[in-house]
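I'd like to ask some things about the structure below.
Chain naming follows the written order as A, B, C and D, and within any one chain the residues start at number 1.
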Amino acid sequence: MPLPQEFHDIAKRVNNWGRWGDDDEIGTLNLITHQVVREAAAAIRSGRRIPLALPLRHDGVQTGVIPGRVNPLHTMTAVNQEIFGPGTVATSDDVATMGLQAATHWDGLAHVSHSGRLYNNRPADSVTAHGGATRLGIEKATPVASRGVLLDVARVHGTERLPGGHAVTPEDLDAAEELAGTAVRSGDVVLVRTGQLRHYLDGDRQAYAFPSPGLSLRTPEWFRARDVAAVANDTLTFEIFPPEIEDLWMPVHALHLVEMGMPQGQNWNLEELSTACAEEGRYAFFLSAMAEPFVGGTGAPVAPVAIL
Amino acid sequence: MPLPQEFHDIAKRVNNWGRWGDDDEIGTLNLITHQVVREAAAAIRSGRRIPLALPLRHDGVQTGVIPGRVNPLHTMTAVNQEIFGPGTVATSDDVATMGLQAATHWDGLAHVSHSGRLYNNRPADSVTAHGGATRLGIEKATPVASRGVLLDVARVHGTERLPGGHAVTPEDLDAAEELAGTAVRSGDVVLVRTGQLRHYLDGDRQAYAFPSPGLSLRTPEWFRARDVAAVANDTLTFEIFPPEIEDLWMPVHALHLVEMGMPQGQNWNLEELSTACAEEGRYAFFLSAMAEPFVGGTGAPVAPVAIL
Amino acid sequence: MPLPQEFHDIAKRVNNWGRWGDDDEIGTLNLITHQVVREAAAAIRSGRRIPLALPLRHDGVQTGVIPGRVNPLHTMTAVNQEIFGPGTVATSDDVATMGLQAATHWDGLAHVSHSGRLYNNRPADSVTAHGGATRLGIEKATPVASRGVLLDVARVHGTERLPGGHAVTPEDLDAAEELAGTAVRSGDVVLVRTGQLRHYLDGDRQAYAFPSPGLSLRTPEWFRARDVAAVANDTLTFEIFPPEIEDLWMPVHALHLVEMGMPQGQNWNLEELSTACAEEGRYAFFLSAMAEPFVGGTGAPVAPVAIL
Amino acid sequence: MPLPQEFHDIAKRVNNWGRWGDDDEIGTLNLITHQVVREAAAAIRSGRRIPLALPLRHDGVQTGVIPGRVNPLHTMTAVNQEIFGPGTVATSDDVATMGLQAATHWDGLAHVSHSGRLYNNRPADSVTAHGGATRLGIEKATPVASRGVLLDVARVHGTERLPGGHAVTPEDLDAAEELAGTAVRSGDVVLVRTGQLRHYLDGDRQAYAFPSPGLSLRTPEWFRARDVAAVANDTLTFEIFPPEIEDLWMPVHALHLVEMGMPQGQNWNLEELSTACAEEGRYAFFLSAMAEPFVGGTGAPVAPVAIL
């Protein structure tokens, strides 16, 4: 089933290949300039810190449908072990196994390919079983620390949670931007709230997974027009799922990661942030969200913090 | 071998039990107030972002001496898999296994006990094999986002790397604070550079591990006097190793984690930061370093970013 | 909730502590003597080999209820990697993570304790987070290779699968022994078929897990009277679950492992064996079922083979 | 570097493709017929059981050179946990992560490819990152339970351990067969002892790894002429390493696995068996060695038992 013409048309309009040189491996993270960071610092006003990561636990958001994407398994390798003899200081140690895309994470640029290509015309087979992403690996990403803007689409619609079939459209983003009271600008990191995560927080991970509201095929152009550095939201699938066009699976992934070279984040907990932004009457803040730098990672867990 | 009187004397002087209530589980992170964060924002001037985490890789800093503290093992569970059929968008996925204290990490407050007690008089046996740290778990830590101050002890001594037997003393910290040109204050996160990590960066992980320069038994009082929120450095052992007093193993761990309730970080890469601070002629910056919130974790990997 | 008197009465009758010396760590495996093995060889007649292990896969029998008991996760670390250069021989390699008791396995003698004691009066705290079973570890077990006898209780009842609430009684075992046409004797390994595994084979792992037919509290005395070396069956819980006596959880585990020092096996696939035994009209065979010797393991996967 | 003509000439002589049908996925395991198994039973005389697996431990034979081939990491997920309340029966549970080829194991038929092909003309790309070996997976192997014959080449040479540079030749095998006092025949499993494992048992894993004695490029024809079902030995590399012909890496792997479809075993501990065979004056026995059936595995751990 080849990708339809509509996909290729949008792809052409949002494509960033070559924009930052043929050797570029970080895509839209190039947009986070020193000046962007300096201006982002001005968004720190109250000093309130809000963590956006889900706790890492074995009963996390994964349902088991994607085989290797296992929820974090945390085990102890030492519990109050007096390694230097009885009566000495005792240590406890732990080890964990987890899918790098299992919890709150960034998709790296090598996470998705289409037509045999990754971002910036890299061959898809530069991802290998033994080396992972030998190009575009998550360890190459520069630190995400920039201005964050919450586009609270659920709040715009006056609901705690958008319904499963809701495709977040450019019009939704416009309305949320207006609520935010600030124009999204180059180098910003946009957080789109659907409220879908409440299913998981309420104990229903099946409902969280499917069906899911999410970004419409029409939104990549919105992000491209504003030159945002990255986008994250509070869903498992990121984009509307099942998809808007039959048999066109994961088009937003392909447009963001392959065509634009823009990292995207999933399973971010935006609930407390939504409340805080409404309370403070502003939706821009400093966002720090550096991915754990797994060498060859096609994605990685992240513990993002919004600083208001 | 009971802990010597000298240890208990210092313990009494630095102890924070009960200071933030009997139920407190975050210790000195309480010192990062809204005001501290607001003032920290003022440390962002050039907009330069410097990552402080080592890349996560199988040939990481661990030598195998500590059995479960395994270097990150990164494997692929999908490579360009066209899950929705031939010609569709393809995805690559990864899974990792690692010791939570194996790479650049925070020690959480449950990592160490002595005399059967954890911070704030919690019983050591609240750490269990099945639940990990049921009290004081790393997932309870509030986000570390505050002012960071680099105390570049190696630079003060005019060397790239302190020798293995060098105990970093309060006098060293005084000198480095003077070089920094700013007084360390309440809520700051202090980064102490010894240069020891250069051994690892040069390919010699055995030399990196042992012997190691590190914090002297006399430094916890220095940190306590200034009420810093957390301390990290660029060594595997954190404190001078082998220890200053025979058979008194890991006293600094015990004083920081158990007595003070202060998180400490290890294996932080401070090399680029050292160069940047010297170039900019200032050693204070905004530091964002939230631990990955493993439920029950006695520590966790972190991808810290200094923003100058 | 202390263990009831009835439990302690049976415990006294089946107890083997000290029987093979105070230092013994293998319990009833002592009963597999050279002569037992020689006689077992005579049970090989047709030369038919029947594997009794479930395939190790991520959608295995575990439902996620027991946190760390994870189904096998199999990932590739190399796929046709030409490690010595292009055109050379290529290799593929894999790594797996799994609960040692997740699939077809033996429970070792350190898997269960009661009243602070393991088999042969070992203290329960000889099992530690860093060392696992420092006593009675599965790596100490001598190889299970002996005569196997299938007690096909489902067949005796004329059913493919006993109902969930069926406690397998000594009378059931008597009837199955009569069907088997051979007396169970010292050193034999007894396989008890309930048919419960068909739930899993039919795709319903929840039904497989609970409620489950299984061994009655009254059967350990039956096994003790015949001095069998080990017992395995085709259920997740091994014993009837929920239990026969309210709030008396896992009494058969405690009697077999702690009091008798007898390994027990779970999740064995006895379906093909049942058919073969019925076809050949005999229920005794040579059984080879050595546990994978994980040092400190409280149990281990096993790939048992019945040789008819 | 293409494979030399000499390799292709031998390949043609030993090739088994199509011999057991075009759909065959088990190769020489077809040679273990019911009659072979029946006759193997006659090799059980003394009733002595000898385990051939190394204990699974974190300081196993792997040195870290092959990234994903990690030594077994054993951790506890429960230690004497009273899951049903205080005073009830307590359980301990474990989880492990390991390379499937890290310890005593069988290489499955999908472990190696050359010229884009696996055994029986299967395409190499039938091994994938998400599915592992979708063809020829280790879970498809029928149970290895047959007559075993120890060819004690070290003993033939009057040494405890062959030197690192010793290529085990057909002449060595002839001499060891004569010592064994029995002709190797169709369906046998041959165990070749070099004594190399003593390096590891003596604590020197580097010496164990390299240089290593092992099978010569000339031996596959010897095994093919006798139609043995499988071959295992007591080395890490299986074949002589470094190789006999410059730049011809792993030719024996390619001949056994790809051309002949014959499983091969590594890191088997043959020391106790060597002593026992010498004591009993016979070198044939019953061998049970079923691989753990990991679905898609290109190899798997095994706990082999020789029964004399």
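Definition applied: contacts are C-beta pairs under 8 Å (C-beta built on N, C-alpha and C of every residue); 3 or more make two chains touch, one makes a residue touch a chain.
Predicted model, so just to flag it, every value in this text is computed and none were measured.
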Moving step by step between touching chains, how few steps can get you from subunit B to subunit C?
1
Return the chains shared as contacts by subunit A and subunit B, ordered by label.
C, D
Could the interface between the copies subunit C and subunit D be described as same, meaning over half of its residue numbers are common to both, or is it different?
same
When the C-alpha atoms of subunit A and subunit D are each averaged to a single point, how far apart are the two points in Å?
45
Using mean CA coordinates as chain centres, what's the gap between subunit C and subunit D in Å?
26
By residue number and range, which residues of subunit D touch two or more other chains?
67-68, 70, 73, 75-79, 92-93, 95, 97, 128-130
Line, ring, star, complete or other: which describes how these chains touch one another?
complete
Can you name the residues of subunit A that touch subunit B in the complex?
1-3, 32-38, 41-42, 44-51, 53-57, 66-70, 72, 74-80, 83-101, 110-114, 124-125, 127-129, 132-133, 139, 142-143, 145, 247, 249-251, 253-254, 286, 288, 290-299, 301-305, 307
Any idea which subunit A residues touch subunit C in the complex?
58-59, 64, 67-68, 70, 73, 75-79, 81, 92-93, 97, 128-130
